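Look for subunit A in each of the two complexes below; its partner is subunit B in the first and subunit C in the second.
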Partner chain A sequence: MTEPNPPDTMLDRLRERLTPEEFPTDDRGRIRMVVDSLVLHLHPSKVPVTTIKWSYTWGLGGLSAVLMTILALTGIILLNNYTPSVPQAYLDILEIRSNVWFGELIRNLHHWSANLLIIVAVLHLIRVFLTGAYRPPRELNWLLGVAMLVLILGANFTGYLLPWDQLAFWAITVGTSIITYVPLVGESIGRLVLGGPEVGANTLLNFYSLHIALIPLGIFGLMSYHFWRVRKDGGLTLPKPVDPAPDPLTWQKPERVTTIPHLVRRELIYTLGWFAALLLFAMVVPAPLEGIANPDISPNPAKAPWYFMGLQELLLHFHPLVGAIIMPGLAITGLFLLPFFDVTSASVGIYFRSRRGRSLSLLALGLATLLTPAWVLLDEFVLDWVGWLPGWDSLISNGLIPLALIALGLFLLDGWAVKTFGADTEERVLFLAVFLFTAFVILTMIGIFFRGPGMALYLPWNMPAAVH
Partner chain B sequence: MTETQNRRRLIENLIGLLATQIVVFALAFYIYQESTRIETAQNQVLNLQLEDAMSLYAENCAVCHGLNGEGIGSNPALNNPALAEMPYEDLYKTISRGRYGTSMPAWSKDDGGPLSDYQISEMVGLVQAGDWAATGDRVVNLGLAPLIPFTTQPDVLLLEQVGTLPDGPTLQAAIQLFAAECVACHGADGLGTKIAPTLNNPLVRQKTADELNRTITFGSAGTLMAAWSNKLAPEQISGMVSLIQRWDEIPAGAIPAPDVPIATTAESLALGQTLFSQNCSRCHGPEGQGTQRAPALNVKSFLTDTNDQAIEQIVTGGVPGTAMPAWGDRMTQVDIQAIVGFIRQWEASAPEVAIPTRGSGGGPPWLRTNSTTTTTNANTAATTQTGAMATGAGTGTGSSSSGQGNGQGGGQNQVASTPAWWQTLNWPILLGLTALLSIAFTLISKGYTTLKKK
Partner chain C sequence: MSENLSPEQKVSRRDFLKVAWGFFGGLALLETGGMVLAYLQPRLAEGEFGSLITIGLVDDFPPNSVTHLTNGRFYLVRLADGGFLALYHRCTHLGCTVPYDQTQGKFICPCHSSEFDQQGAVQNPPAPRPLDLFPITIENGEIKVDTGSPIQRAAFDPSQVVYP
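Take a look at the complex of A and B:
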């Protein structure tokens, strides 16, 4: 290619520099475009045609990144209209609602994107789990992903307080009270996070700084690392047919197509589609806002943010140390250790590992759907450990004993899967994980929809209005 | 590229185009209606704040400024168009810092009061744009209706008796003055109310004349006690001082309690009806016509002779030596006042003499006569009236117990009476359970059979 002479006038030279290059018509040009572009070179220049199928990844990782971008942009706009002090914070939210042009739209977008992000991030984690994409060499990226999920929950939780209304104040009060159950250091950590003995002006300032600086910095940092590692680990895992499972040695690698237009086009459509849906939703459904926070009047029931309702539900059934610390701690630890425990590489890229894995997952799904509500009802109305074992420490009677029973139940389920169906390691992991995750989702739903005043069980359509 | 791939790509592109159009048109529409939305939102915010302010008014202000902001005695009215025109800053300053030389204290937390800056700004909103009739309803619903305005007439015979005491005429004049000016806050016989302390008390009598004189003349800072030198002559004040110091000589009942009807709203009547049928009807009869266990309430002879304060006193404290318990331990003042209001509205249609009824309360439910056939036409009229009001129950800002206990789905954790678990089953629960079980069993059987097939 010969370089053309630069144009004569400065204006022309400026124009030439700023007008986009012509869109390439051949694959060579398309590849060059990807490689030369700052944003696009996140992608490889060519991608396997099977990995860009909708039904393999569902675009969940990309959607998370899009939502993070929306959150960052709307967040910066909100920053300009917000003061993290009591009671100005609440007045500012009222001001955003009633006096700032498009203030309500921006706030709604921010609120709903944040809530959607939690769902999408969890679904992304599930997708990666179900296709076995966390296995070597992708262990590190799994860890980064789990760490980001924790940060996303942190960002949501800290953002929840900022409107400083009754909903925010009491949800954070309930949510942070869980911290104090950590043995030995719980009180100190609680005081550090809250900046005092209870939620107040210092908490607002702490949460504000976490929400607008520390956590976003962490998320965007990890996000870049996460993207880079995807490339370093050889791109996405390749989807494989379940039946017959291909031999890894003789299996034919799929055809590769150029990123432009095949991948970029779909990303653009997907982003536009979700943005349109989100925009419509944010225009129609306002983000909740209650009266100004009043530490003297607690609403009944006082619920944590919805994504922690599963935890709050556990707290209703177990001693706090077990329900709030041991069980979630085990879950997070399990997530972190998963890629070092389950390392089979043969089934990577196959949803649910195998035919048997699919059946076992259905079985686990059904069992958890049956057993979780049954156990909640049983514990609510029949089980009374503290009353049955008078004189025992409630940590043992209402914590370790039921925990041991549940562990025993899981052990029996596991043994059943091995003995009766001949499940191997990866299928056992899948079986138990599907069971536990379904149980957690059901607990969360019970907490959100079935708990009323006094945290008593109610049917959603008979739920009395919260008493303030 | 195959035919299906091409069609897919077309559909995907069309979805992208549609999404772009939605974004563009939705944004355009949103921009178009944004000014309307802002206006609506401002009204919503105002209403939200007025809503708060009404409760704050009931809790803090109604005592002096009256049920509907009409003012009590020397305390000014707030439902005043001129006041609503006052600048925000002036009103804010008056509420937050009080008014020197009047009984208006400083309400701001900065000045030792109970209200935050935000709450004071809400109160300014109420003065400027409040709905005073709705505010009055709120005050009644919260059971905070002021026991005022009232003055009372001294008992004529006892007043003559006072005249025979040494320096009798001074005391007589002071009693008359007290009945006209002070009784509203300091209560019948100077025994105090919830607003102001008792004066008929040995501790007060121990104070020196100077001290008492000073309090009456200059008021007591930080309380509702105003400086009365504006209104009373020095000799009136000194007369009042001697009344306070010699109250032990005054016969009880010289300054009787006034007859102040308890205010009601549709909501409080509905609450009263619910509470009456839950707690009182077993002994007093479903329509207050009395049973063998307790006297009739729905008769003129009772209702005209007993004023609301007296009924409230009876309900709260019970009647010693009878089966009437003290309900003050079990019910809030809001509840009791609602019941009194409910009983009082029978008066218009009550028969002169109680109509004897059979005892209704003993025995199994199928032998019990719940609907009394012996009531008069007037009574049924009253029932339909209250029945119509009851439909409005639970819709308002539910005061303490209305609406609770009803609509309980699972019926669990009710302290009062826990039904056995099978009694709580109804068809929505059964339907939900069936759905849940069928989903679970479908999944399990599907998983199980496919596993067994191998």
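Take a look at the complex of A and C:
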């Protein structure tokens, strides 16, 4: 008499799943196996050979995801040695630096990855912009990207306070004071964010909660959606040669290669390469930390985090409502609306749209590089709206009037591009966008390298030391 | 369904339920939002910055003096004529702490170089308004300052000065 087969226990079934009796030997079976694997949850099984060239995407989106992963892992492990209270937070960072095994390395990794992420995410946005990849049907994914960029800046800004040193305290004081200039609701929103009238223990707790829970949750949620949309939208845009611009109807689709190994191999190399570089950098360059926060003494200069130096520069020239709220508000709105008024599909996949687009971009780059510092110097030493228009509200004299002048200047530039170069809609958008973005980068550089004590202008090699 | 409706029944059951769900759902969302907002309101601790602080006797502060009371985050200014002002030490531009420059007799902000005179009035922008004031009460020669409610002002006015 044969025993009936004993029923499978859960353990048996688990073992079966983990170690299949035999691995498939035929191509079909192998491919199935591959399709089942984790990699292909994310990627299609075949990708166009042209889109995986470095020189198209530069791997910037993938690198952003890698950095987010490093940030999550190093961030979680930092939590084990960090208390979000005053003054313990600062003492904990000191401990992490000097008394925790590999503490300094982990903190440096977290710090530098966070800063690199901002650069990489912005470069990713630029790549998508320059190749026209935001156009239909990819509008939604562009919007998701802009939202993620805002969240990344939020993560960085909230993280900036956590070490509770002088740098943190005053950057956040100045940064959050901007909110109070929002008409009507500014004061109460400011109080809510700070958890009181000034940056203090409640602010630290608020920022901590945002930094470790709400914002990362948001970013990882949007990231998943972003990746899924890439596939829903039919994969990446296909790179196209600029000369002669191919006809979208007759143009030959490129050959497709299997994701494994062609794409995955590149991703692995890229990830490992960047991780090695970051690790080396974090071993050599320590994240900054100054004395413990002291509400009675502002350091001189009290600078914003570097990625907000462009904004800080605007603040030095305009009434805060214009410089810190209206102008950035317009920029974000413009980014959000971009895929709805610039919709030509013919040039998608061509860097800078066309030959003329390339020349115009170069022109915009050069113009902005010359005009921005000129305007900063002019405003610093010659223009004095408040003095020239005594009795006027500085919101008008030092805000709306110069804003109108700048708008007029952009209008003239645009007209020039049309008249002299015969630019079409997409080339005009490109021209103005390159101009504005370059101007913002220049402002950021001026803020980082040329502003010293009292926020006066200095040459970088003559910069007096900061007073803390 | 609609053919069963009598002419007076303008709203079908389905439409009614839709509206009702929408209404109460929206209400619940608003309530939840309100709860979260209320929950997040800042709390203040007694006796700290933000409450009524007793700082001493009138005679402790000679005329024409500026004293930094860091616990209360303000300067007690005694003007030459004996009157008092309590100036919040926070710059009205973007919130830096403004130090008093004894030699120049004015407040100069280290952050974007706004300047304020002894009464707190703006001498040099970008600060958009004078330093905020805290209300002062003087009873039996004892000075009390309410740090809970800074007063914003458009300009200095002699009525802001408190005399013993």
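As a convention for this text, the second predicted complex is superposed on the first by the 432 of 468 C-alpha atoms of A that agree within 3 Å, B and C clash if a C-alpha of one lies under 4 Å from a C-alpha of the other, contacts with A are read in each partner's own complex, and residues count from 1 in each chain.
We take it that a residue touches a chain if its C-beta (ideal position, glycine included) is under 8 Å from a C-beta of that chain, and two chains touch if they have at least 3 such contacts.
No experiment lies behind these values; they were computed from the predicted model shown.
Student: Looking at A:Gly454, would you say it contacts subunit B, subunit C, both, or neither? Reply first, second, both or neither.
Tutor: both
Student: For A:Leu94, using the defined touch cut-off, is the partner it touches subunit B, subunit C, both, or neither? Pick first, second, both or neither.
Tutor: first
Student: Quick check for you: in the superposed arrangement, does A:Gly196 touch first (subunit B), second (subunit C), both or neither?
Tutor: Touch partner of A:Gly196: subunit C, not subunit B.
Student: In the overlaid three-chain picture, which partner chain does A:Ala302 touch, first (subunit B) or second (subunit C), both, or neither?
Tutor: Only subunit C; A:Ala302 stays clear of subunit B.
Student: Tell me the contact category for A:Trp58 with respect to subunit B and subunit C: first, second, both or neither.
Tutor: In the superposition, A:Trp58 contacts neither subunit B nor subunit C.
Student: Between subunit B (first) and subunit C (second), which does A:Leu280 come into contact with in this model arrangement: first, second, both, or neither?
Tutor: first
Student: Looking at the overlay, does A:Arg356 come into contact with subunit B only (first), subunit C only (second), both, or neither?
Tutor: first
Student: Do subunit B and subunit C touch any of the same residues on subunit A, and if so, which?
Tutor: Of subunit A, residues 453-454, 456, 467 contact subunit B in one complex and subunit C in the other.
Student: Taking the complex as given, what residues does subunit A use to touch subunit B?
Tutor: Per the touch definition, subunit A meets subunit B at residues 87, 90-91, 94, 97-99, 101-102, 104-105, 265-266, 268-269, 272-273, 275-277, 279-280, 283, 291-292, 355-356, 358-367, 369-370, 373, 380-381, 420-421, 453-454, 456-459, 461-465, 467.
Student: Give the list of subunit B residues in touch with subunit A in this complex.
Tutor: Within the complex, subunit B touches subunit A at residues 12-13, 15-16, 18-20, 22-23, 26-27, 30, 34, 37-38, 41-42, 44-45, 48, 52, 116-118, 398, 403-404, 407-410, 412-413, 421, 428-429, 432, 436-437, 439-448, 450-451, 454.
Student: What part of subunit A is in contact with subunit C in the complex they form?
Tutor: Its residues touching subunit C are 170, 173-174, 176-178, 191-192, 194-198, 202, 295-302, 315-316, 319-320, 386, 394, 398, 453-456, 467.
Student: Okay, in this complex, where on subunit C does subunit A touch?
Tutor: 37, 40-44, 49-50, 68, 70, 73, 89-90, 93-99, 109-113, 125-126, 128, 150
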